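What follows is a set of structures to go through.
Each of the next two complexes has subunit A plus one other chain: subunit B in the first, subunit C in the second.
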Partner chain A sequence: MSRRSGSALRGAILMAVSAALLLVWILPVLLSVLTSFKDEKEVLAYPPTVVFEATLKNYVAVLAGPSSIVPNLTSSLIIALATTILSIVIAVPAAYAIARLRLPGRQPLGFYVLATQLVPPIGLIIPYFLILNGIGWMDSYKGLVLIYITFSLPFAIWLMVSYFEDIPREMEEAALLDRASRWQAFWYVVLPQARGAIAVTVIFVFLNAWNEFLFAVILGGATVKPVTVAMYNYINTEQTQWAQLCAAALIAMLPVIVLGIVAQKHIVKGLTAGAVKGSGRR
Partner chain B sequence: MVAPGLLVLVATTTFPLLYLLWQSLQNINLAMPGMDRYIGVGNYVRMWEDSRFWGALSYTGIYTGVTVVLQLVIGLGMAMLVLRIPRAQWAFRVAAILPLVLAPVVVGLFWRTLMLTPDFGIVDYASRSLGLGSHNWLGDPELARFSVIAIHTWQWTPFVFLYMLAALAALPEDLYEAAKIDRANAFRRFMHITLPLIRPAIVVVVILRMTVALAAFAAIYAATGGGPGTATEIVNLYAYRVSFAELSLGYGAAVAVVLLAITLAVAAVLFRIRRAT
Partner chain C sequence: MTSRGEVRLEGVGKSFGETRVLRDVDLDIRPGEFFSLLGPSGSGKTTTLRIIAGLETATEGYVHLDGTDATLLPPGDRDVAMVFQSYALYPHMSVEENIAFPLKMIKTPAAEIGPAVREAAARVRIEHLLARKPGQLSGGQQQRCALARAIVRKPALFLLDEPLSNLDAKLRVETRIELKRLQRSLDVTAVYVTHDQEEAMSLSDRMAIFMDGRIVQIGTPEEVFSRPASVQVAGFLGNPPMNLLDARLSGGTASVGGVSLPLPRYAALGEREVTIGIRASEVRLADRGMSATVTLCELLGEEMIIDLDVGGAMLRAKFPARARLAEGSDVHLDVDPDKLHVFDRATGMRLDP
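Now for the complex of A and B:
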């Protein structure tokens, strides 16, 4: 009897602790959702209110007001899409070659790609600042896409290498025996099998490009101002417009939250980007 | 097939890094254009004598070490907890996505406003309600150092949680049955069965988390900007402030070179450890 009540108590504590931990994870987002529907005066009420008269005016303001984030969303979309397309087109064949071909120096090659992925962004922003200034590419899409390639390309290569290593070789080997060229085998046999892997890679490359901030804040400007930088429209030295900031941030983060949930099962692999398999084996 | 990718990588990363190395040997100040000149290791000598650099370096060590340990302990603890409540697992899996996909700059801004603002933030409200009083979480130097560590830990612990959940779920059930029959208690089961089995997973997590912590920038930038004063200045932020606030690009480049060397050295050591396990 006492044992059973003991385990019931343990179960209750277990549930309480896990509920509290769950709350901590969602709290900032929960608060931002609440705040985004508040009047700016309501925001600074003490104690914080949970029940209040909801208003949509913050959303209207950040979408249609004078400091609308729509142009910034467009900028983010252009940069993220261009970065994703370029990275994937270059990364997929490269990853296939690293995973399959008996290239001379395959091991150092793998390490080189991995090392480029580890480069701290601050080490790239300083030379890029001077280079882009020199060639007049500051505050331009091509400039930002160029520097975004530095983190998205090695990431995409590594992620794709780990997927290619999981695809069995039999079918392409049969194709090669039938005198298909490497490119033919790659195009007609391997790529169709790698569709899912490419989709996942696309999602994560896009997500990382969308969320980037450091490169954008320094190399962007009035013309090219991604949405992460535009968050600062609602913050100035005199005051922070909390409610508008929250509405803008939630709109800006909606695409990545949706993508994250869509790619839920792959998120660990996406964030690990091949470091788990590839590098250790070779 | 690999050539285009390799060429692009060399052109976009290796070449700029060589240029960075060259810049670090120059005196480049954007406030004084036309005064650029080669000064050899001058910037490195200056760094050696720069107490602000050493301060940033030591805080980088604390920031990296503490956030990685916290993420590992909390993430592993939560994974073991959630493994025991299979019916609620989906809620944790979904909730874990949220911090992970948010842009770090948004995370920093949310914490700076909604969570930590004195009087209005929820953390301050909780602290007052518990009778611990109101605090200037990001304005007090000592407290700010803890706050930015808490922010980083909040954002990235879900990753460790998800990773460990997968690692733990893959462990063989029968080992535990045998241990139970042998009356090994929970602590002993953890120390002698679980821990050795998930060691490779722990090493991978530590490698990944360290490299991410060493490259952290946007969340601190948004929350404190490195301040108050230089309290939350990790090397990354120091290099940024030197280069783009003080416009001393040559010196900033030298600081960035040192950070680059540290990151690659740490990664190399960890990968060596990983091969040994």
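Now for the complex of A and C:
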């Protein structure tokens, strides 16, 4: 077999495998899309219908009906944005310090950060409940954001430390010799190179906060009810409103998709910047 | 001649925890001088440069720059510029932004930055590359960009940490010449770290040889080459390195293996164990004299390096290629006694008649 036809075959196999994987991933989403345009009665038809009369009434009900999810979307957005912004603002300098300074206890700190990710969240619900209840922060934005940060912050730090470690120290030393202050060296030289890392971290933290259900359903309430919890209302003892649930889920996905597309550009930029950087150093 | 850029190190030492990497370094670098710190890797030369730059703080001794105590001065307050071995270009900035960076940091008016950047770029001939990112430059161009960034601010002192080591051999020689020309035309003091003796020899006005964290000799390239202060220096400099043979000095004659070398000038040293140093280029073929056997020939174009067996000791000699020696042949050698170097075997220090 010639090299060319070999690589063509390889390409075809890769394509087939990717397509199969994509299918597995996209099937539930496609199913949701179909269901969201169906009438509730049509949803339960057996065998399932593929050709049907599409309706927008589920979307209208979900957005403008008596149990509209719009306030919940706002809730989710406030929580996710606050969590993301606070996490990044604290994690960037923290990760930089861990990566650069000869701090005593660096090693145990790194382990602690990782250890927080190993604790099953369900085990923390009761302590968190007691703490928030004790300080009167139940069913409040600050309470939920605080809880989310305890998870996202260590993760964000851990993710970014390795990026900062990859930026050669010499680059900052060059900046210091070029008369930059420590802060200017960080701001002009280090931070722009960490853009990719920050974009990746933003996505992960935002996604986690946006998708979170367990803590929100227990520690939230009437005031703070993110969209994940609101969607749960479509499932009750009498019936499950599948079509509205799917419509709500698809609407809830939108901000994440938009964020992914926006941040992707930065991630790719960050990755390629790293790729060419290597040729000039080491 | 410039009066800026004088460096004086006084008893400088540096320890990292328990490890002492530098001790008793005394240096006096004059304004406008091209001064090299030469030594094998791990000898402390880069640490010395970093102490001059302020990137490391000396744990002992003092650093004076232009007459003022700079021992504890932060790097930005020292009026020095440095070219790193890795160049340390900022990958997210264009060449133009890289070169402009030091000017921006000292709040140069925007109107002056453009012309200054173009002038610096023109000096190292990269003015056509200003819009590119460092990742789009070749190694040589990156190196020039780093040079331009260093000279744009017109610093008093120019520090170079093995700036040529990432270039290929041909480019290295070309850039070397340019570097010297640049330093002369800018009339700036340059401190240059290298492990390449040829670079140090060809560039420096003076140089310091580092071994095991201390300076073992300071002098002009000529002085250091022709009068190495110790066996260590003698064995480090020259290509091939100087032949070092154990000998016994007695009454003005040194016996090396079974061969006697007349050294009448050293008669006053009496009887002692010494090491005799002979440069490969000082060994000549003769009709009579020391007899030796050729064990290996390496042809290097115009010259050849010959390994010789002299009474059991190995000697390397450099002959013109036309000498046409065959491996295994017997030859006679002659060495001018005045061109020999004699070192004390116990201390390794140079002995003078």
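One rule holds for everything that comes next: the second predicted complex is superposed on the first by the 225 of 282 C-alpha atoms of A that agree within 3 Å, B and C clash if a C-alpha of one lies under 4 Å from a C-alpha of the other, contacts with A are read in each partner's own complex, and residues count from 1 in each chain.
The definition used in the following text is that contacts are C-beta pairs under 8 Å (C-beta built on N, C-alpha and C of every residue); 3 or more make two chains touch, one makes a residue touch a chain.
Being a predicted model, the structure only gives us computed values, none of them experimental.
Enquirer: Mind working out whether A:170 is in touch with subunit B, subunit C, both or neither, as first, second, both or neither?
Expert: second
Enquirer: Which of the two partners, first being subunit B and second being subunit C, lies in contact with A:149: first, second, both, or neither?
Expert: After superposition on chain A, A:149 lies in contact with subunit B alone.
Enquirer: Could you say whether A:264 touches subunit B, subunit C, both of them, or neither, answering first, second, both or neither?
Expert: first
Enquirer: Is A:131 touching the first partner subunit B, the second partner subunit C, both, or neither of them?
Expert: After superposition on chain A, A:131 lies in contact with subunit B alone.
Enquirer: So in the superposed three-chain picture, is A:35 touching just subunit B, just subunit C, both, or none of them (first/second/both/neither)?
Expert: Touch status of A:35: first partner only.
Enquirer: Can you tell me whether subunit B or subunit C touches more residues on subunit A?
Expert: Of the two chains, more subunit A residues are contacted by B.
Enquirer: For A:66, decide between first (touching subunit B), second (touching subunit C), both and neither.
Expert: So A:66 meets neither subunit B nor subunit C here.
Enquirer: Taking the superposition as given, does A:105 touch the first partner, subunit B, the second, subunit C, both, or neither?
Expert: Neither subunit B nor subunit C is touched by A:105.
Enquirer: Which subunit A residues come up in both lists, the one for subunit B and the one for subunit C?
Expert: Touching subunit B and subunit C on subunit A: residues 275-276, 279-280.
Enquirer: Which subunit A residues qualify as touching subunit C in the complex?
Expert: Residues 168, 170-171, 173-181, 184, 188-189, 192-193, 195, 273, 275-277, 279-282.
Enquirer: Considering only the defined contacts, which subunit B positions touch subunit A in the complex?
Expert: Those in contact with subunit A are residues 1-2, 4-6, 8-9, 12-14, 16-17, 19-20, 23, 28, 78, 81-82, 84-85, 88, 91-107, 109-111, 113-115, 119-120, 122, 125, 154, 158-159, 162-163, 166, 204, 207-208, 211, 214-215, 217-218, 221-222, 236, 239-240, 243-244, 249, 252-253, 256-257, 259-260, 263-264, 267, 271, 274-275.
Enquirer: What part of subunit A is in contact with subunit B in the complex they form?
Expert: 14-15, 17-18, 21-22, 24-29, 31-32, 35, 43-44, 46-48, 90-91, 93-98, 101, 103, 109, 112-113, 115-116, 118-131, 146-147, 149-150, 153-154, 157, 182-183, 186, 207, 210-214, 218, 228, 231, 235, 240, 242, 245-246, 249, 252-253, 256-257, 259-261, 264, 267-268, 271-272, 275-276, 279-280
Enquirer: Using the touch rule from the top, collect the residues of subunit C that touch subunit A in their complex.
Expert: Against subunit A, subunit C makes touches at 53-55, 74-76, 80-82, 84, 86-92, 101-102, 105-106, 133-137, 139, 142, 149, 153.
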